[in-house]
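Below is one structure. I have some questions about it.
Labels run A, B, C and D following the written order; every chain starts at residue 1.
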Amino acid sequence: MNQKLRVGLLGAGRIGKLHGENLAHAVPNVELYAIADPFINDDIRQWAQELGIPQCYEDPQKIFEDPTIDAVFICSSTKTHADFIQRAAAAGKHIFCEKPIDTDLKKIKKAIEQVEKSNVKMQVGFVRRFDHNHKMVHDTVASGVLGKPHMIKVTSRDPDHQSMDYIKVSGGIFLDMTIHDFDMVRYLAGSEVVEVMAYGAALSGAGYEQYGDIDTAVVTMKFENGALGVIDNSRAAHYGYDQRTEVHCDKGCVQVANDLNDMSMISTAEGVQIAKPTWFFLERYNNAFIAEAQAFTDAVLFDKPIPVTGFDGLQPVKIAYAAEKSLKEGRPVKLKEIG
Amino acid sequence: MNQKLRVGLLGAGRIGKLHGENLAHAVPNVELYAIADPFINDDIRQWAQELGIPQCYEDPQKIFEDPTIDAVFICSSTKTHADFIQRAAAAGKHIFCEKPIDTDLKKIKKAIEQVEKSNVKMQVGFVRRFDHNHKMVHDTVASGVLGKPHMIKVTSRDPDHQSMDYIKVSGGIFLDMTIHDFDMVRYLAGSEVVEVMAYGAALSGAGYEQYGDIDTAVVTMKFENGALGVIDNSRAAHYGYDQRTEVHCDKGCVQVANDLNDMSMISTAEGVQIAKPTWFFLERYNNAFIAEAQAFTDAVLFDKPIPVTGFDGLQPVKIAYAAEKSLKEGRPVKLKEIG
Amino acid sequence: MNQKLRVGLLGAGRIGKLHGENLAHAVPNVELYAIADPFINDDIRQWAQELGIPQCYEDPQKIFEDPTIDAVFICSSTKTHADFIQRAAAAGKHIFCEKPIDTDLKKIKKAIEQVEKSNVKMQVGFVRRFDHNHKMVHDTVASGVLGKPHMIKVTSRDPDHQSMDYIKVSGGIFLDMTIHDFDMVRYLAGSEVVEVMAYGAALSGAGYEQYGDIDTAVVTMKFENGALGVIDNSRAAHYGYDQRTEVHCDKGCVQVANDLNDMSMISTAEGVQIAKPTWFFLERYNNAFIAEAQAFTDAVLFDKPIPVTGFDGLQPVKIAYAAEKSLKEGRPVKLKEIG
Amino acid sequence: MNQKLRVGLLGAGRIGKLHGENLAHAVPNVELYAIADPFINDDIRQWAQELGIPQCYEDPQKIFEDPTIDAVFICSSTKTHADFIQRAAAAGKHIFCEKPIDTDLKKIKKAIEQVEKSNVKMQVGFVRRFDHNHKMVHDTVASGVLGKPHMIKVTSRDPDHQSMDYIKVSGGIFLDMTIHDFDMVRYLAGSEVVEVMAYGAALSGAGYEQYGDIDTAVVTMKFENGALGVIDNSRAAHYGYDQRTEVHCDKGCVQVANDLNDMSMISTAEGVQIAKPTWFFLERYNNAFIAEAQAFTDAVLFDKPIPVTGFDGLQPVKIAYAAEKSLKEGRPVKLKEIG
């Protein structure tokens, strides 16, 4: 392999462009060489030119069959992920794949098998693991200075409602939104979820119930190592992106508050105002996206372990299905009941 | 009734003395006139003298039969509460009773019935409702400025393990410790709990499991108004008394952090240190105990509604039994299954 | 001396009553035996009765000549302090005197001399030294863990304007308000002020300038130990009592923020609001007043050193005069130019 | 002019590279076309190639004489700034110049005159004005919601000592370090400094005194609008880059705390630890550097006012000289005494 990782980008939508810009500017040792998007147009071509990307394709096959390309970033629509993984792996390319791999457990497993068979590396895009705050919680727990983890808590609230058009096809809150938190609790606990109990309700009046969905959830769980966990979700915090994590351990507690827009405090007779949390994931996880791409690049170039594996991509989907089943049946559901 | 409320104090243990000192010094319009304690001794007599309490008895009956006494503070051992309530109510005395009224639901109900029949007022000692922090959360929610409550969260961790001798007879974490939090979620939600799911484990290594007890719990619940709730407990936070509450509503979130020993920050090359939370309930709820006694006094003297009623004393015990049942049977339990 | 300190209280105005209540209820080992106030009336007599104070006088001489009284609390108007100190000391009584001892340096010195001659103890009421926050800063610096102090910073802002009637006779901001901060910087630096430079202005529009006074001040100073200091004052913060201290040292910095009304945070689309600082000195320094009286009592009963001496009462007055001179003459003024 | 601003970069040292990378990647509408550095070498050429900079020169004249270049970024050593400004302006190029323009007031004035004569725009690199925190303070004050400013406070402490080799030639703390704060107080006050009083000392033991320099300073000042100001400096905070600003106004106060490495809190029996401030200016003002280059680009391309003018570059140097004079002569110095 070259000293630089030559990358092909699959999909130039919002998340694809985000990765593209990071790969072009913020991640050393990467050469962003080609993009492929079935909806390629002049805007995308111009964007590619400005980033200095030499090749623009409509057909992803051009990327898979280019022997000079070392790795792909799969940022296309979810339903294409599993197929692209298969083809990329078969072509011997290392893979960064946005989450989720798929919503079909069988397809996920087949994709993972192909990756293993092809002896390539694959990283799944659970970007929050690379956030400075959550990583601080993880690293403190993993270091052992606080002893064993007893309780893992995740608060995860979006700033505002998605459109009902989006909700209609989102797959439900657990697969669409909580999936990040299911990954987070595994990451923080250092252990597998064995049982889930989900409470949820449509309380906001925005209309989630008409699609059988909810806007508010509290999901509790047990981990293999005995720890307990709880995730609370809201589709609409209104004050910004509320993303807090906390782990209580043998010897104490590590927690993180939200990143704020600034560190200001304005004090008057009317009250004391501080800054709001950053608005959404682009603001909050901006640096995490860079760190995630960097970690993938380093793992491939220097043959280091992948920090978020295919298995890490599979588990949150299973937990999401368990949570769905729990909510529907009004009882705790064991992970082994799923898949 | 006099302009001052003449009070008899039943029980001069730790909590009795605490109330006694507040009644003597910090609550205007109260005359602390008598105490009764079956273990009365010279120390207690001297303590009473210093507070200027004229009468010291061994037998509580002396207080019940004194027609000049308007109200009693029942601070004796839990098993005496229901009986003392009955006798005090029958004697026409208003009653402040430490929590819990009893652990037997039937006895609680009978005590409440007697109070109603006797047309006296009774307040139960869920002191946390009078804490400036939790009250701020409650009042904000109750004011309606944030719209309807969606999610009620309570973190409640004791600073350190009780002795195993205590645990052995404590009645279990839900009746002994979480009971305060069951009251708190009702208070914050402004609604009744209808279903509970409890997870719990003995993780600390301190030995709770040998008494069938746990040291770590996560309890989720549904409220009549549709809101969801979660309580997390630990018997040993180690860093102090961790008492945080949070309510997420239609339009945003109100939450409170812990009171700290001071507002200091020490910054060096080694790190930045801030103060620990206050150590335990005596430090944290010091002013709340005064406010609670004040509220009772005002309710009686000025015929205002009692802020924490007999029914408020009953419900947390029912929720605690539901949580116990849930933990044992590994399933959500409806409140109507209890009692 | 008795096991309890028998105290006579001189002056039953706002600050006298505050000390009286603390002595009666919150400070063990004190017997508040008598009060004297030239304006004694039924209200004061009733207040005294409620506190259980046996003797109420119009004439302070009754207290000075009562051989059973061990100590006096001088809480009368400033112009009486020096005389009362003389008479109390001559009568062999230990003295707690509210600040300032006097505004006349000669009178202060004479009072101190009498105290020394009479071999009694005298504590001056610089109450902020007993605040948990400022004490934390002092103790950290004094412990030496941060090395030598380099810079002492005090922010001290009153919540709102005093009436102009008050300002007219206040003696000016430095003697009336900054005097507390002059004591604070000495306390925190552990060293004497040697030079002062004062800037000040009447910026609020409330009318201080018509009495030759100012509402905003920034005073810098040099200490004997080489450290530098700065105090900033405002007569009207509007958001509460702003009382922050900070010391930067060899190895880092210790600072304290304000006590707040509660630890709440309310987050909505409109913004994030936290609680305001406590409103004024009664709220902020409530516990400090108790600790100060306790310290005096302990110093007398157990013959421990007085924490705030007559010399500590003298120095801030000298610094205040130096600051006044600096402001008037537009130049730094050395302490040795004063008195 | 093109739709893109074609820029030549003068100087490819640490600060030049920082600007170069921002211009190449983070600022839209810029074409970084050429660099010139008298010490150009293979490393710089490779760096330029990676950024896609077409031209690399040793001689800056190549940039001045290239008619296709619209603007220059002067990031060379301070002693070259004034000359480069003259030449760039004469060649009709817009100028971004790192601070300070020069340390010689006459040279600064001549450079500004040339800029005015040539009718080009010039922005001086006081980057802190573009920091999200300080900008929040400025914007709040400038909006008028708090009324007139009364007091401007700046805390500015470097994380650790520079080498004594650096200090020897630094020009002294006021010209080297406090100059940023002199700009900041003008920016926050919205008014000119009219008088300065400086206290300073070498307290750290690192040896500043051997070069006639100091490591600790407290500088107070008066503004034309009547407000008062204070800056406190330390060369070695040890805990990170301490950069706080605060303005107290008619109706209240706006202040900003430091950006922290993360929002974590770790609580154990030993204490509660939060994150340290970001280490130094590269971490703290990273985004501010981008915003500053963006502001310059926008000002030129869209003919908007320059946010930091030549006059803004001149004034802090004058204030620095006034502070130096004040420290030497032990008296307040008026700005009009300088230059």
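Here is the rule we go by: a contact is a pair of C-beta atoms (placed from the backbone, for glycine too) under 8 Å apart; a residue touches a chain by one contact, two chains touch by 3 or more.
Quick caveat: nothing in here was measured; it's all calculated off a predicted structure.
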Top of the farthest list for subunit D, CA-centroid basis, is B
Interface repeat test, A-B vs C-D, B-C or A-C, passes over-half contact pair overlap for C-D
Set A-D beside C-D; more C-beta pairs touch across C-D
CA centroids of subunit B and subunit D: separation to the nearest Å works out as 57
Averaging C-alpha coordinates per chain, one finds the centres of subunit A and subunit D separated by a number of Å equal to 39
Expressed in whole Å, how far the mean CA point of subunit C lies from that of subunit D is 42
Subunit B touches at least 2 other chains through residues 237-239, 242, 251-253, 265, 267-269, 275
Note: in the complex, subunit B contacts subunit C through residues 24-26, 52, 132-133, 136-137, 140, 146, 251-269, 275
Subunit A residues touching subunit C in their complex are 237-240, 242, 265, 267-269, 271-277
Per the touch rule, the subunit D residues reaching subunit C in their complex are 148, 150-151, 153, 157, 197, 199-201, 203-205, 216-218, 220-222, 226-230, 232, 234, 237-239, 242, 248, 250-253, 330-332
